[in-house]
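Going in written order, the chains are labelled A, B and C, and every chain counts its residues from 1.
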Amino acid sequence: MPFFEAQRISIKFGGLAALNSVSFEVNRGEVFSIIGPNGAGKTTIFNCINRYYNLDEGGFIFKDMNISKVKPHVVADMGIARTFQNIELFKNMTVIENLLLSRHRHRRSNLFTESIFTKSVRKQEIESRKKSEEIIDFLDLQAYREQVVAGLPYGVQKTVELGRALAMEPELLLLDEPSSGMNMEEMEDLLFWITDIKEEFGITIIMVEHNMRLVKEISDRILALNFGQVITQDTPKVVLDHPEVMKAYLGEEGDFTKS
Amino acid sequence: MSFLSEILQTILSGIATGCIYGLVALGFVLIYKATEVVNFAQGEMMVLGAFLAYTFITFLDLPYWVALLLATASLGIFGMLLERVVLRSLIGEPVFSIVMLTIGLGIFIRSVVSMVPSWGTETHGFKTPFADKALRYGELFVSWEHLAIILLTVALIIIIFFFFRFTRIGVAMRATAQNQLAAVYMGISVNRVFSHTWTISAALGGFAGILLSPITFVHMNMGFIGLRALPAAMLGGFESIPGAIAGGIIIGVTESVAGVYLPAGWKDIAAYIILILVLIIRPEGLFGIQKKKKV
Amino acid sequence: MRFLMKRIYYEDIRLFKYRSTFSWYLALVIGCFLLPVLLDDYLISQFTFICIYAIAAVGLMFLTGYTGQISLGHSAFFAIGAYTCAIITTRGGHFMLALPAAGILAGLVGIIIGLPALRLSGLYLAIATMGFAFIVEEILIRWETLTHGSLGMMVEFPSIGSFAFNTENRFYYLTFILLILTIILARNILRSPTGRALIAIRDSEVAAQAIGISLPRYKTMAFAISAFFTGIAGSLYAHKLTFINPESFTIMVSVELLAMIIIGGLGSLHGAVYGAIFVIFLPQLIITTKDYMPSFLRDQTGLEPALYGLLIMLFILFEPMGIYGRWLKIKFYFEMFPLYKKDTFRRERKFYKAERR
């Protein structure tokens, strides 16, 4: 069975079909990219996985479990982490606090043990901090550790967003346009990080991206969408040369000469 | 008196108080639509309007209608000053701060009213042209007080409807309520719109207070009734003007019926029980629109 | 500037950041223990009220300051705690049983209120909780068999065994110790996953859900914790006044508590205490300055609430971070001296409606 599977998912907003019977499969340990012009429905897929929207039809299967109807926080509990296009960090907290928060699903304490701060709670907190520091090391965020997120530059915030998702120790990572707003240097870093995430941590990645260079260098397989429907789903070489894909992004030949 | 006429009478007086709730609720909704703030001091606008009318009628011997217009206009100016001096500096601050500010403002106004020499903490009253007159229809006994409230409210709503539909200021207010940034780009002075919103809202509050005076008399705590208009505004979803009036009438009628047919005490909390019930069943109010943050 | 060199992880999570902080707090606690020696009964009584209100303010701070849910209904939890304790003790129950029972009952009501409140946010929640407060007030008046309605209830001094807290000093120590316990419990919760989850909910519900924080669970928990502490404070209040009736628990108590946490400083436990001190001492301040005021102001009963309302407004206009915020800014100024920049604490303004949610 594939690691993660979308089966004929459809969702409508008003009369507009944002997704129309979209199906795809993701294998464990690979980097799976979703590309398509704006409005194709890419972020909608993520929002459906995260259960912010309810699917009209179809479902998601993750590790043989149907996660189409669970509550939003359960999705995270099961090991699916996500970054957001418009950075959803906790702006009034420091970077380290944001990462510590992500460790939430690994906690073993409850309200009563916490209020008296037992030895086990203490151990758990120290463990959380250790893991968060590892992420900070990985992403080179040491300089920003104690700074409040709201004051950080945009590129750094995006990195913290990635760190927040990683701190969850997920099995599946959903990246929503990770390179938007980044400059060349940051993009190089991102390339290395995603490669490391895949190879060192063994995390499966689904990535929505516009930057074709990133997609070409990193993806194992690509899904191309347009107007909520699948154009094609294959290896980078095949997809990026596909005529329909080129038409979706660049238009048809002669489009600009028509009057 | 037969049951039918008794209940009709109860409903009618309920509609009358409901109209007042509706007017106050309208004031809430206007400010909320434009600035996302609830003005917890709206009840105190009622108090000020009523006291001003009382002063004009009793100490300056002005006729009722003149006092009504003058007091309403004064409240309008007061609202404008309030916005200019106090609220303008809070644009962009979190909603919670502004709400607490209006709560503080309400307390302040109420206490100051109690300190004004001839106002104080006693209850006052003044004569309206509708006092002691009533319509008889068979067994029905409809006091002109109630009827006047309903008619005046209807007149005001019609004026407001035309104002928002057809005047430049009205359209500007609606635009700002939807999207402040776009309104600015279109050349609408958002500051001016806020000013107008508070002016109208305060005037509405004052007007409602004057209408309420014959029923509850004029005293510094009559503003608490304004708090009961909050459930009315919420019933309407806080975004819809007809919803506010409808909500007010629903609450007014329910209170009236509860006052007559249920044991003591139910009347005072009827409004809130309805509110909580509606919110459980339909959190966005009866007429409201469900909103979700876009991610 | 002071730099903190942390060598082991424990140093990051312990209660006091610097060694010196602990010493200062210890000195403060010792000082408070010595107060009865220095002050007369009346002032000790005021300090007792401060402790009681501070416990309630900590409760409200959990819900509003840390989880971001506005509640105008805490007068109801206060009342439930007070009446529960009163009813249990007047029927022969032991105080040490009644006190936690009052807190737990208040907490349970908090859960019941929290459940429908899950679907509401911000403003709607504030108004719904306000409705809740009015309803509870009315129930207290009407349920005469239980609460004696408007006639009120007499409550005795609490006692543990044969030791009765029947002097001002003894009762003061009782409330002070309970305040310290409350603060320690609160701090522990706040530096653990639960506390962080609550703050996460305040800052971004969307991100919180994406991390695995169950909104229903934690919002309800916030209500429960908040109601628990406020209920405990209510019970102490009942025993302090020795006579309670529904008039002591109007919506103005809710407003007072909200004012306390705002004036004190939202989002900090210090704020709860500072706010309580401020609100309790305000009438004292007015009394002592009465002699300097013009004659027409002097005898007005409306003066205190007027100043109260005015102060709320002034704090929000000029110092939204409250007393604690001002203290932090002053400390920061001295720590950064002479490199302090004037606009360090400028608040970011949010104009788009969508951004404000």
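Please note the rule applied: contacts are C-beta pairs under 8 Å (C-beta built on N, C-alpha and C of every residue); 3 or more make two chains touch, one makes a residue touch a chain.
All of these numbers come straight from a predicted model, not from anything done at the bench.
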Item checked: Chains most often in contact, by C-beta pairs -> B-C
Check: Taking mean CA positions as centres, which chain lies farthest from chain B?
Finding: A
Next item on the list: Could you tell me the distance, in whole angstrom, between the mean C-alpha positions of chain A and chain C?
Entry: 40
Margin query: Report the inter-centroid distance (CA atoms only) between chain A and chain B in whole Å.
Written below: 48
Note to self: Taking the mean of the C-alpha atoms as each chain's centre, how many Å separate chain B from chain C?
What the structure shows: 32
Notebook entry, point to check: Touching two or more other chains, which residues of chain C qualify?
Noted result: 206
Item checked: Touching two or more other chains - residue numbers and ranges from chain A -> 52, 84, 88
Checklist line | Multi-chain contact residues (two or more partners), chain B | finding: 295
Margin query: Residue numbers of chain C touching chain B in their complex, please.
Written below: 64, 70, 116, 119-120, 122-124, 126-128, 130-132, 134-135, 138, 141-142, 206, 255, 258-259, 262, 296-297, 300-306, 308-313, 316-317, 320, 347, 349-354, 356-357
Check: Which residues of chain A touch chain C in their complex?
Finding: 50, 52, 71-74, 76-77, 81-82, 84, 88-93, 97, 100-105, 107, 109-111, 114-117, 121-122, 124-126, 129-130, 150, 164, 168
Next item on the list: Spell out the residues on chain B that touch chain C in their complex, using ranges where they run on.
Entry: 32, 36, 38, 86, 89-101, 103-115, 117, 121, 179-181, 227, 230-231, 234, 238, 263-265, 268-269, 271-273, 275-276, 279-280, 283, 291, 293-295
Next item on the list: Quick one: which bits of chain C touch chain A in the complex? Just the residue numbers, please.
Entry: 9-10, 12-13, 185, 188-189, 191-197, 199-200, 203-204, 206-215, 221, 225, 348
